[in-house]
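Letters A, B, C and D mark the chains in the order given here, with residues in each chain numbered from 1 onward.
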């Protein structure tokens, strides 16, 4: 025997289905922005840790490049505040150039500059101009590139992306609340008759709120599950793609376990917010009845 | 004195306002995708015109680069099916390398390969492998790059983007129709009582359709105008930005006059489609009444 | 044939307003709610439609105001077979009928004035003309002060009177009133019946479905009785082969 | 004091069900539609509420079923001042009242059975118990075959009977019926009045607003008459300072 209806017209009408879609979209957005935000947060951290205080010295190609490079390395080792000096092997340079000059770079045998990585003692600085002058005296044309400046820019970008992502997520959560308030109020206005009759025959506000919460719970669960599944699939796909693109990729763009846990909490949190908002909205509308 | 209502509850309710927003979004999307599609179409055309059938020959750096290059140019001139041969001056090469090696490229004085542009008679082809062999005999290490292959890829991409953009626009127009049918039907279901009463007291189907069309016209005009304004502003902004980025940009990414005219026809077309759809939908629903 | 009234002339000119022959009716795939109904109503006649609750009075009226097609049988209106009429003409026929629905069917978002004005607007009348005419009729039914009230702010009887005003405003040739006095007191009911009789005098054919026994006693018009979807009562009124009988 | 009936005992225990003192009412910022109303209805009494259309009968009932607050004056129900009751208790009080609304107010998306079952569901009754009880009552009012019909597929009188069934299903202590027989024939009206009298015998206080003069004549209960928002009629019934009068 069919169950008796509880009194409110809460069927799966086109409007509800549309809402489910919208919910899915919102949760998808929230999932993606949270994922991006968290990745950026860890990228910024690891950047901070691993790259701060580094310089790159370029020794131009020439007949005495090898010996010039050796002298320069010695000078660098003697310079105060420098923690570590390392010549970058040709193989690495060719690899780095490959995306720009193509696989033919080694064949063309371009006379590339020698590159020297320099790590500065943390918290200390080195005067680039003085250093350039000193090194140029040994090997004219030597260039000192300030990785930390480049890093600064990268950090700026990373931080911006992180802030933007987290703001987007917050905005999405806020629009979840607005959507819920709006759709609940619209629904109650459209079905004012039914709500009023239930009220007049003695239904408590919580009876009405509870029915609507149950309905909304299903509506949102389906939408949120869909959006979340889509969002995480997308994140996984991108991680996989990045992973294949380059094992030696500069930055680690994958999510850690804790971050995955945080991501999984998102839809649950959204639904809790929704249910609370529905209850609050219904009850506040009901207070306009005697 | 206030005008008497015509009989249908077509006020500016929240649902209508929401619809206006949605309309704006759809028209914005359509505008952008049409603009991108049209730009890509002309890019593909000009690519086709200006770049088809070209080769680039790289003569490696070395002591006799200059004379080797000259011999190679002569050989090329003598090769059948070749229309034009031109050595690319160093300045151009340095410019082209600048984005990759930085402004210091000329200072580093890299021993760059000499580059020779080769134009093939239209409709004809040249066997790259045979040519490479012949040229390598004169200057070992000479590489022949098939621009047309690279161009082919670029063309592929351009064509894909064009197809995708135009499909998106079509999809948007289809979802405009779906949205209209859906919202009209929903509205008529919600207000079935009012529609039925009008019908029973002798209103023609067109009377009811016309009222709804008038209402929809305003709703959509506002939305479409907003979305179109936003879309064109965006297009203008991007054009301006690209214009500033590089005067010597390889491809012309601006819209021509006719394309602007086509763009301006978009919202008008959308509204005409909408009005026709509304009329059709209302009348088809009305036919379910006796 | 000494004193021909306007009404007599109309009857002669138009003949039967309704002629039902062997009509059955069902809602969708439900059971038949009207069985083999045959009768003819001459133009300018006045009838009460009576019968127990659920007998089929409102359903019969739905057929008469062209809201529903018969399942079997044929209905002729103003001498034309209804089933053969194109949509455009159906609308024109509907404008010649005024209906008081049992549940009023006022449009909630419109004022009393706008509700009553609807039939005139639909037939394209000018707004200035409408306003005075409607206001006058509303005062006449005792709603002079409530012309700008929405239906939801009117009492049951007030809503019923708005519904009646809407049905008669365009001086229809036929008036179908379904339980039009169920929510008003005896005095107003009498007044409304007098309004119907006035309309009837100028030629309007009138059918009033009612349970109100006081009304039936005080106004001795012809009665059509329906029970369980079947017409019962004096044979002459319902014999479509004979000449139609007048009230 | 020989034969105390169950009803007498109840009246003695509960006292007045309603006690209005100097009550005025207005809708929002509109004019007062009820002026200075004072009366008391003892438990177990039976009253007709009469008066012309638009007099304020339904408005008075709105106050009684706690849908509206008085603008001035005080209302006591079951001996408690209504204006001081918290929301939770208001709902409990409403469950002790059954209401037949003038416009029925059936929920369109529910079947007749589900509509009638609502008051039981709200008070948390089990589904199996409900079903039989509701089906039985619906057959009793003549709707045994239509228990699964939606209100929109019922005739006017059938809808009215569903509304009445919903009002009485939970055996309320008070029954307020607003024009409950406006759409049914005389036989059913009598049957429904007998139902109300049965309820009254087991202690339910009953107020029936009606225009139906035949009913008023056949059932000689106390009458409360309201005209233009003011109570008129025998002073004794409405004198709240005196002991309340029984029907």
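A few comments on the model shown:
As a working rule, a residue touches a chain if its C-beta (ideal position, glycine included) is under 8 Å from a C-beta of that chain, and two chains touch if they have at least 3 such contacts.
Just so we're clear, the structure is a prediction, and the values are computed from it rather than from any experiment.
Hopping across touching chains, the smallest step count from chain C to chain D is 1. Looking at the partners of chain B and chain C together, they share no chain. Farthest chain from chain B, judged by C-alpha centroids: D. In whole angstrom, the spacing between the mean C-alpha positions of chain A and chain D is 63.
If you average the Cα atoms of chain A and of chain B, the two centres end up 29 Å apart.
Distance between chain A and chain C, defined via averaged C-alpha coordinates, is recorded as 70 Å. Residue numbers of chain B whose C-beta contacts span two or more other chains: none are found. Within chain C, contacts with two or more other chains are made by no residue at all.
By the touch criterion stated above, chain B contacts chain C in their complex at residues 1, 3-7, 9, 11, 193-194, 196-205, 207, 287, 289-290.
Within the complex formed with chain D, the residues of chain C that make contact are 27, 30, 51-54, 57-59, 102-103, 142, 153, 155-158, 160-161, 178-179, 182-189, 211-214. Residues of chain C touching chain B in their complex: 65-69, 87-88, 90-95, 97, 99, 105, 107-110, 113-114, 117-119, 121-123, 127, 130-131, 166.
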